[in-house]
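After this come two complexes, each holding chain A, first together with chain B and then together with chain C.
On to the complex of A and B.
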């Protein structure tokens, strides 16, 4: 048996992990750079806010104190070194406390939101890929037949529906008219699992519907190519049972899916914000958007950081899992 | 010729195959007729595009619509052209099997050799018990002189000659009445080719199966076959016992074919 040792050499794994670390460092540096390229001055924003709440504070004094506390009066390279020390050499990475919730470390705010986002994406994508593999293979088998000819334009139609519009329509129909699901997610960190799942149903349905067309079209075209292969001709000659034949097609259709699954995963982590904020779901998107509107820099940084880490890990997973599904691929 | 009886297993009558693409029809095989007797090896020779492989596909019933076949292929008293998929599936691989080209990837690339055998055993011979299936696989692997460990390999890990012997084993495992071999040794070097062909011949003798051997390689037909058909542009231009055709070719194309062979020998 071509075991795992033959599929992955230690050299490859080490090389791949070093590559991952380089991407990780670059992401950390970029987050610092983006922060400093943003217009405005962090300290001014913060002090203005303080003064708005406490008008008796002296502007200059507050500015000096804040700059001293956050190290904003230091030269940029010193700030960078402190940032690197706090992020790369501290665990968990320290982005400072939130400007909004003063005693709460920014990273904690983001990490509390992460499970909701992951839950939304993982459940919706498992469902969406499962359905898409089935539909995609069936459409490929029926290529140019009526079902296929009718389905493909329909898929493109659904594909082109903006996700926020779909979400609004779903809220209108299922929450306001039918009262089946809540319009605003009725839970937060610490709610019971049934409550969370119930509240998540509608957002999950929206994400499933809007991602199925993309996945199905990928599977359909991969399977159409695959149906032309010599091996499928041989399978037909073998006259196997319909179910056996389908299983073999699905097994092969899984190959393009696995890479897409993880790549979409990274994309969705960044793209699902709008759904979260429409449903007031306390996920990463809501946290980052709120932070951006409030100029809560530490939380923005922590949010970008966690998003990057999830993306890097999902890409790594896609790379490393592929040889398990396709024996022809080995990382030697 | 000694093992060939007069019983006809496959009777092909006026078989035509029309390839259709975007409304344009082209006759790839033009009303050909021949008989395959029990235990016989019938060679079909011809250049690329002569319609040889198309005959194989027509007999297996795997011509993709809108292309279609007309005429009759009588097997066990029934015409299998235009037969329902359900009935065809009872004949496919149970009674008539096929050996595909070595250069083609005819094995499921993501499954081990064993799994490739298993689905045939399960669907065709109703063998799903692991021990019994393994024994059966080991048996046919021995017939084609392959080491037993290859069943745990994936197709891409094996050499062309090994893959070809696996395809032979896969075609012989159900004990078919007819085997259709479509250029089974095209991609192999000449020594491996001869070796694979001897193994094929030995296995046909053992099982008493008949074979349609499709190739463009005349020497291998002389080595294997009892009778041969020469095809050109979808038509049979000459047919008969090998010796007669080699010694006294009638058709222009056959003459050219035989003279090339003689030139090579000289």
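On to the complex of A and C.
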């Protein structure tokens, strides 16, 4: 760990951690604000749904009990303080029980779904990255030639088509015309690993295709910048082997794409949520979208909370990893 | 005599050259752009959809919402894009859908640009405001935009206008970051330093910095318009967007809810999604070549 001390100063780490905490607190407060400053009373919808299922309950009584249970009859600042206590000072954070799955804490529902989302992200991004490094470097070397000129619009096109539409077309082609993959493979938390991987193949293909352009364009422009620099001329003058030269290019192009990747994580996670919901994967996207459509407030809060935490952590990781990967960068 | 003639000739030549040079300087950016293949293609695509939207204000082949033909009819002469499950003409829907898509794209980009430029310029110019403003931007940058958008729009059923406001308010930090870093580097250039030292009022300097960043601002705005198109499509597709406005995403939402996919009604799905992709690609190409031109010029 002696190397670490040369890479970051203590001051930088402390500053970065405090910044992360501030962002974390703000995210928590913002989630509360979104839920509670919106028009409409959270309880009404829930009560009317309960009454639809059990007609013998009296409306007033149910409303009062639910408002007491979730603290909705208290003034808003009391609700806020209780929320802060439940989220920041209890572990695991307590968002109350789900409206939809009674007696199930909302946070558990979300945390159960998290591994599927992470699996989808990690597998698809590893593949997409691996592919786009090679495409990006090759395009940069062939800059302004025909292949490159034709590829850029194509990449922008694939980048701009909505991911759900790509998924619909893939289902149309692979499931309805070619019968290679079933459109939806039913699996859930207890399924065996082959079933899960089989069910995830088509979603992974879709996410890979739709994220390749982003990585490729970033790597391409980074490599073009590197090709202009003096050390590349020096390397060429040295008479390096073509393959060695390319390896050096790849290594250099990798770095900016890592930061860009973590910075655009928000966009990525949005697309992934839609894909999950479209393929009915039991991931966070499905959970949040169903909860939002069903007005399942505790689950929405928990879902937004976990998503924000994942994003905050990934951003922190990107910042702290960068000096370890790039020997030229240090935060001292 | 000969020498004099030569001198006059030289003078005239020099004048022509100078005027040519000044002309080039005046439209440097534009002429550069219109020589760029990508910009031309993007501009043509944008113009096509803009004209389509304009035409759809005055003329639509059928009422896009009413049932005007046989159900589930594949593309034919009477219905170039086929009909939906309830017999709506999909060609009219496609024409009509260009209106809300373009509206939300440009309004959301304009709102994002407004916030982003104000915050980015103040952060870049006033050193004291830099840290707090950028931390504020960080908070927005780290928020998961699409899940938030979905959640907010389930509570407030958005219209086209509110949808653009929400999208714009959630997506300004990109603009702010880029404007700030560019403003920081322009602030260090000699002509601004001279201006600061000679006591020019802040607002003139900021105006100067702004006009030097303008091409970059436009190019990022174009990219955020692309983002606006996609976000609107996502919202519409999930059924939480401005559902009465029949944007292209809404067509896809109805296609999905009527199981067009499993009936094999590809004509209901392909045109709208393809148009979203092509329009967004056209905008991206324009933004890309504008950014390249800017980086090349400065």
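Here is the rule we use: the second predicted complex is superposed on the first by the 326 of 332 C-alpha atoms of A that agree within 3 Å, B and C clash if a C-alpha of one lies under 4 Å from a C-alpha of the other, contacts with A are read in each partner's own complex, and residues count from 1 in each chain.
Definition applied: contacts are C-beta pairs under 8 Å (C-beta built on N, C-alpha and C of every residue); 3 or more make two chains touch, one makes a residue touch a chain.
Note that this is a predicted model, so its numbers are computed, not measured.
Asker: Going by the contact rule set out at the top, does A:52 touch chain B (first), chain C (second), both, or neither?
Answerer: Neither: A:52 stays clear of chain B and chain C.
Asker: For A:193, select first, second, both or neither according to whether it touches chain B, chain C, the two together, or no partner.
Answerer: Touch partners of A:193: none, neither chain B nor chain C.
Asker: Could you say whether A:231 touches chain B, chain C, both of them, or neither, answering first, second, both or neither?
Answerer: The first partner, chain B, only.
Asker: Touching A:307 in the superposition: chain B (first), chain C (second), both, neither?
Answerer: The answer is second: A:307 touches chain C but not chain B.
Asker: Give one of first, second, both or neither to describe whether A:240 is in contact with chain B, with chain C, with both, or with none.
Answerer: After superposing on A, A:240 lies in contact with chain B but is clear of chain C.
Asker: State whether A:327 touches chain B only (first), chain C only (second), both chains, or neither.
Answerer: first
Asker: Which chain, chain B or chain C, is in touch with more residues of chain A?
Answerer: C
Asker: Figure out whether A:102 sits in contact with chain B (first) or chain C (second), or with both, or with neither.
Answerer: neither
Asker: For A:171, decide between first (touching chain B), second (touching chain C), both and neither.
Answerer: A:171 contacts chain C only, not chain B.
Asker: Identify the residues of chain A that lie in both the chain B contact region and the chain C contact region.
Answerer: none
Asker: Contact residues on chain B for chain A in the complex?
Answerer: Touching chain A: residues 60, 62, 88-94, 97-98, 100-101, 104-112, 119-120, 122-124, 152-154, 156-157 of chain B.
Asker: Looking at the complex, which residues from chain A come into contact with chain B?
Answerer: Residues in contact with chain B: 1-2, 229-231, 233-241, 244, 248, 251-252, 255, 325-328.
Asker: What residues of chain A sit close enough to touch chain C in their complex?
Answerer: Answer in residue numbers: 19, 22-23, 26-27, 30, 34, 38-40, 149, 152-153, 156-162, 164-166, 168-169, 171-172, 176, 183, 263, 266-267, 269-271, 273-274, 277, 285, 288-289, 292-293, 295, 300, 303-304, 307-308, 311-312, 315.
Asker: Any idea which chain C residues touch chain A in the complex?
Answerer: 37-38, 41, 135, 138-139, 141-148, 150-152, 154-156, 226, 229-230, 233-234, 237-240, 249, 252, 256, 261-262, 264, 266, 269-270, 272-274, 276-281, 283-285, 288
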